[in-house]
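Mind having a look at this structure? Questions to follow.
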Amino acid sequence: MSSAPFPTVDQAALFEFLLRMGDNALILGHRLSEWCGHAPALEEDIALANTALDLIGQTQLWLGLAGEMEGKGRTADNLAYLRDATEFRNVLLVERPNGDFGKTLMRQFLFDAWHLSMLQALRSSADKRIADIAEKAAKEVAYHLDRSRDLVIRLGDGTAESHRRMREALDDLWPYTGELFIGDAADEELAAAGLGPAPESLKAEWDGVVGETLTEATLKKPADGYMQRGGKRGVHTEHMGFILAEMQFLQRAYPGATW
Amino acid sequence: EPQERAFQERIDAGQKIEPKEWMPEGYRKTLVRQISQHAHSEIVGQLPEGNWITRAPTLERKAILLAKVQDEAGHGLYLYCAAETLGISRDEMYEQLHCGKAKYSSIFNYPTLSWADIGAIGWLVDGAAIMNQVPLQRCSYGPYARAMVRICKEESFHQRQGFDVLAKMVKGTPAQKAMVQDALDRWWWPSLMMFGPSDDASVHSAQSMAWKIKQNSNDELRQKFVDQTVPQADYLGLTVPDPELKWNEAKGGYDFGQPDWKEFFEVIAGNGPCNAERLGARRKAWDDGAWFREGLAAHATKAEQRRTAGQAAG
Amino acid sequence: MSSAPFPTVDQAALFEFLLRMGDNALILGHRLSEWCGHAPALEEDIALANTALDLIGQTQLWLGLAGEMEGKGRTADNLAYLRDATEFRNVLLVERPNGDFGKTLMRQFLFDAWHLSMLQALRSSADKRIADIAEKAAKEVAYHLDRSRDLVIRLGDGTAESHRRMREALDDLWPYTGELFIGDAADEELAAAGLGPAPESLKAEWDGVVGETLTEATLKKPADGYMQRGGKRGVHTEHMGFILAEMQFLQRAYPGATW
Amino acid sequence: EPQERAFQERIDAGQKIEPKEWMPEGYRKTLVRQISQHAHSEIVGQLPEGNWITRAPTLERKAILLAKVQDEAGHGLYLYCAAETLGISRDEMYEQLHCGKAKYSSIFNYPTLSWADIGAIGWLVDGAAIMNQVPLQRCSYGPYARAMVRICKEESFHQRQGFDVLAKMVKGTPAQKAMVQDALDRWWWPSLMMFGPSDDASVHSAQSMAWKIKQNSNDELRQKFVDQTVPQADYLGLTVPDPELKWNEAKGGYDFGQPDWKEFFEVIAGNGPCNAERLGARRKAWDDGAWFREGLAAHATKAEQRRTAGQAAG
């Protein structure tokens, strides 16, 4: 295993960044997999499982690189299964409960639109390992976005009932979108070193995609009011502890076992 | 009747029956019942395994399990399509499932209680399913036979993955090995029951055999399954929970005990450990999803109207 | 700590029995505490917390005695927090999900009616430690039963809606009551040694209490059909793993920590 | 007005006002607002702590936490009763809570993210509450003052238990100690905000002081809280997350920084981390419980009718 350092950037900032990417994928993948067998149509069961599968694959890559970079011998599994909530770096948006299927779709769409921009920007990361992961993931996420955007439009512009549910989902989730675009010191480090984009730089494109989609879905874009944040620095919602208790049970209850 | 005789001759000659062709009503009904039951089993079968996705012990195992459950939903899709060629809609089949008229494989009414159960389902349940399904690749009804070719390929893959889960665990800690033995103890008999009651007690067998919808007897397949599985259990260092199990040199196979058929019929009758929850979960998914399906349908209508209006204006 | 053996009875059977008593209390207490802050009336929040508190106290006594008797140095906490599902011995009834408040009450009533008979019988256990715990617990449980019976009556004979909910709860839970009265080898050992009643011997009294209560509640007593079982020998429902993942998280994630 | 003057004189003389006695409308309204807000805080306050009951790390801690949350529900009950003496029903107060008209303490809009938060709530939140509540034992309105006597006693007990949770943890593993520091980092400022904005910015203070509904200024109580709490943090080996914190020999107390009042007003306005979930949980509990309350009411009516019919017949 190579543990070549990234000479031009603060290692802690880079580790932080890799956790954020990996944890977003892991926790959203977890939420999606909660739907397994309970979706409103067979095609949706298949699509959700597929999206979750892509996200878990991406988790392995991001957290694998994080562990490698950290150089303390931690694997992707160690990072996924043996950290407690405060050490997780995903945004709050992905840990929101599934709610009804409309909320799950809206969460997916709002995240996918950011995720794709992010990954596209990371394809030109100065670090080839990051660029390679982004290249692979971007292809998958482009498909996720196609799907979630299409469904948001069809349900927004469907029945009065489907419109109402999508509107409520949008209003509920909107305060959790701001965190995607707020940079901190680690983000600045990375941007300065050419390893990744400044989060703020992704906002215009996201606004465009989201705005157009919502218009087509006949949904009103909420005003940018107070935005919830904390996940990126390890301050999560009360849901996170329950997610981890479930996800990590076997690794915690049977320390040292291999599976 | 000459039509029926001609039909039977085609089947005897090994020809495939295709959707638009004439077929006896009994043949059609038997196939609809069997294919839809098989499709429902795939769908309901997502639930016991899905129960462990969020708790899979490593990212790789989680990915493998997700892929497997996704495959099962895919199998459900092929099978519903195959059944639809016989003139029943997917929604009608769902309706029959939800009201309890249509059945699904009783095996999914047992709970998954540990991670080893995920391995055991792959190894035993998929193993038994393959035993049942391999001959169906040569079934007389074309669409069903072709769906089975694809399904069997994926199922073999699942079975190997399941065995691999257990092989890894039995090499692990004593607790892990105990988990595997416990899983075998709980899944062994239900797996044997998957082949159905002994042939004497089986209702539809004779006609289905003549129609080449069914190609082997229940007892034949059960024997084959036991003969294949016992050495694998030995390899894993496990004890098959059947005191009557013994190699019979004369027949070149194992002698083994009878499953508790009383339990089998209780589970069929709805009294298994998870019947109410499985069916309840499927009904709830369907009912909760009504707004979603209606939303999509309404959008499709609107889009069509816009397209037509655009054409009229253009 | 005394670890005096119980000379007249198989130690494994006695350990089994103490786990069953303790685990019933622990898991039902857990389920009740899930309601905290969500009950339909403030008085109910208070009453549920009080019942849960009694049950957790009883858990400490039963599991404490189990650990003492086992003589391997395991405490009540070790037993509660470091066993996996197959090692738990509670009946399936107590792990059933809360459902609506009617289901929670019905579960409570069906269990309380058994629990009180059981504890009353245990007051004359040949082992004083068991008799003492039963003496204390019986007083608490008499109050639980007064309460749950009263509410079952009032809601059964309330509105059409409350009647319907109580009826559905009763029908759902009924197949889980049989396990309370099915003895096994361990039960026989205990009964033979005069340490506890044969489970079957409690059925007539339970039938009486339940029958009278249901009649007053205008609810039809379901026929005794197929009964679910398994919990007493460690074969639980799929719910159990989730209960334990949540309950045991801290002890599992921070091994060796004291709290 | 003579009536008002006489009323004020009684208050100035330290007499208690009792339910049936005349009182100015403003006095009544202020009390209803304050007591019901306090009652709602007890009820909503069950949620953040209830969040950890199922995950409490030992049986004893679980029992203590259950007892505490039960006490809080009990406090809610006394307080609703005290408010009811002023001519408002509990249901009306609930209605005001559920529609967002009535407030509850903003502190409960922060999440409980680790077990240490349970300790921190006892130590800091209950500590701050006691600071606020002790003077209320001498409040001019009798029922409120008497409820406060009982509540304060129990709250002190809770505060000691909370401190004990943390004292145990800081003597534990490094991970436990880090958990405690993290809890202090997150709860320190919200606790200071519990005393309300600086007196200059506080709306109702002057009149409430004159009526002896309020007896100390917000800043006074905040200072007292800081002076009491900082040495306790030192004892625990924790760092209070305030760079401006410094002992001021001259005033015999600590100088300390200002909380982020912008955040305070955002949380009041509904934008705290948990506002939607807390109020949502309470509304859901109420709505889901309608059938239960109606069922009991219907039964009571039936029972009454039966009793009356019995008497008539007898």
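For this structure, a couple of remarks:
Every chain is named by a letter (A, B, C and D) in the order it is written, and numbering of its residues begins at 1.
One rule holds in what follows: a contact is a pair of C-beta atoms (placed from the backbone, for glycine too) under 8 Å apart; a residue touches a chain by one contact, two chains touch by 3 or more.
Keep in mind that this is a model prediction, so the values were computed, not measured.
Common neighbours of subunit A and subunit B under the contact rule above are C. Compared on C-beta pairs in contact, C-D and B-C come out with C-D as the pair having more.
Look at where the CA atoms of subunit B average out and do the same for subunit C: the two points lie 37 Å apart.
Subunit A and subunit C, compared by their mean Cα positions, are separated by 42 Å.
Between the CA-based centres of subunit B and subunit D the separation comes to 57 Å, rounded to the whole angstrom. Among the residues of subunit B, those in touch with two or more other chains are 55, 175.
Residue positions of subunit C touching 2 or more other chains: 84, 241, 245-246, 249. Judged by the touch criterion defined above, the protein chains form a pattern that is neither an open path, a ring nor a star, and not fully connected either. Chains touching one another form the pairs A-B, A-C, A-D, B-C, C-D. Considering their complex, residues 84-86, 172, 175, 225-226, 228, 230, 235-238, 240-241, 245 of subunit A touch subunit D. Contacts from subunit D toward subunit A in the complex involve residues 48, 51, 55, 111-114, 175, 179, 182, 186, 266, 269, 271, 273-274, 276-277.
Within the complex formed with subunit C, the subunit D residues making contact are 43-44, 46-47, 50, 53-63, 66-67, 69-70, 73-74, 76-77, 80, 90, 115, 165, 168-169, 172-173, 175-176, 281-282, 284-286, 288-300, 302.
Residues of subunit A that touch subunit B in their complex: 26, 30, 33-34, 36-46, 49-50, 52-53, 56-57, 59-60, 63, 76-77, 80-81, 100-102, 153-155, 157-159, 161-163, 165, 246-247, 249-251, 254, 256-259. Across the interface of their complex, subunit C is touched by residues 84, 241-242, 244-246, 248-249, 252-253, 255 of subunit A.
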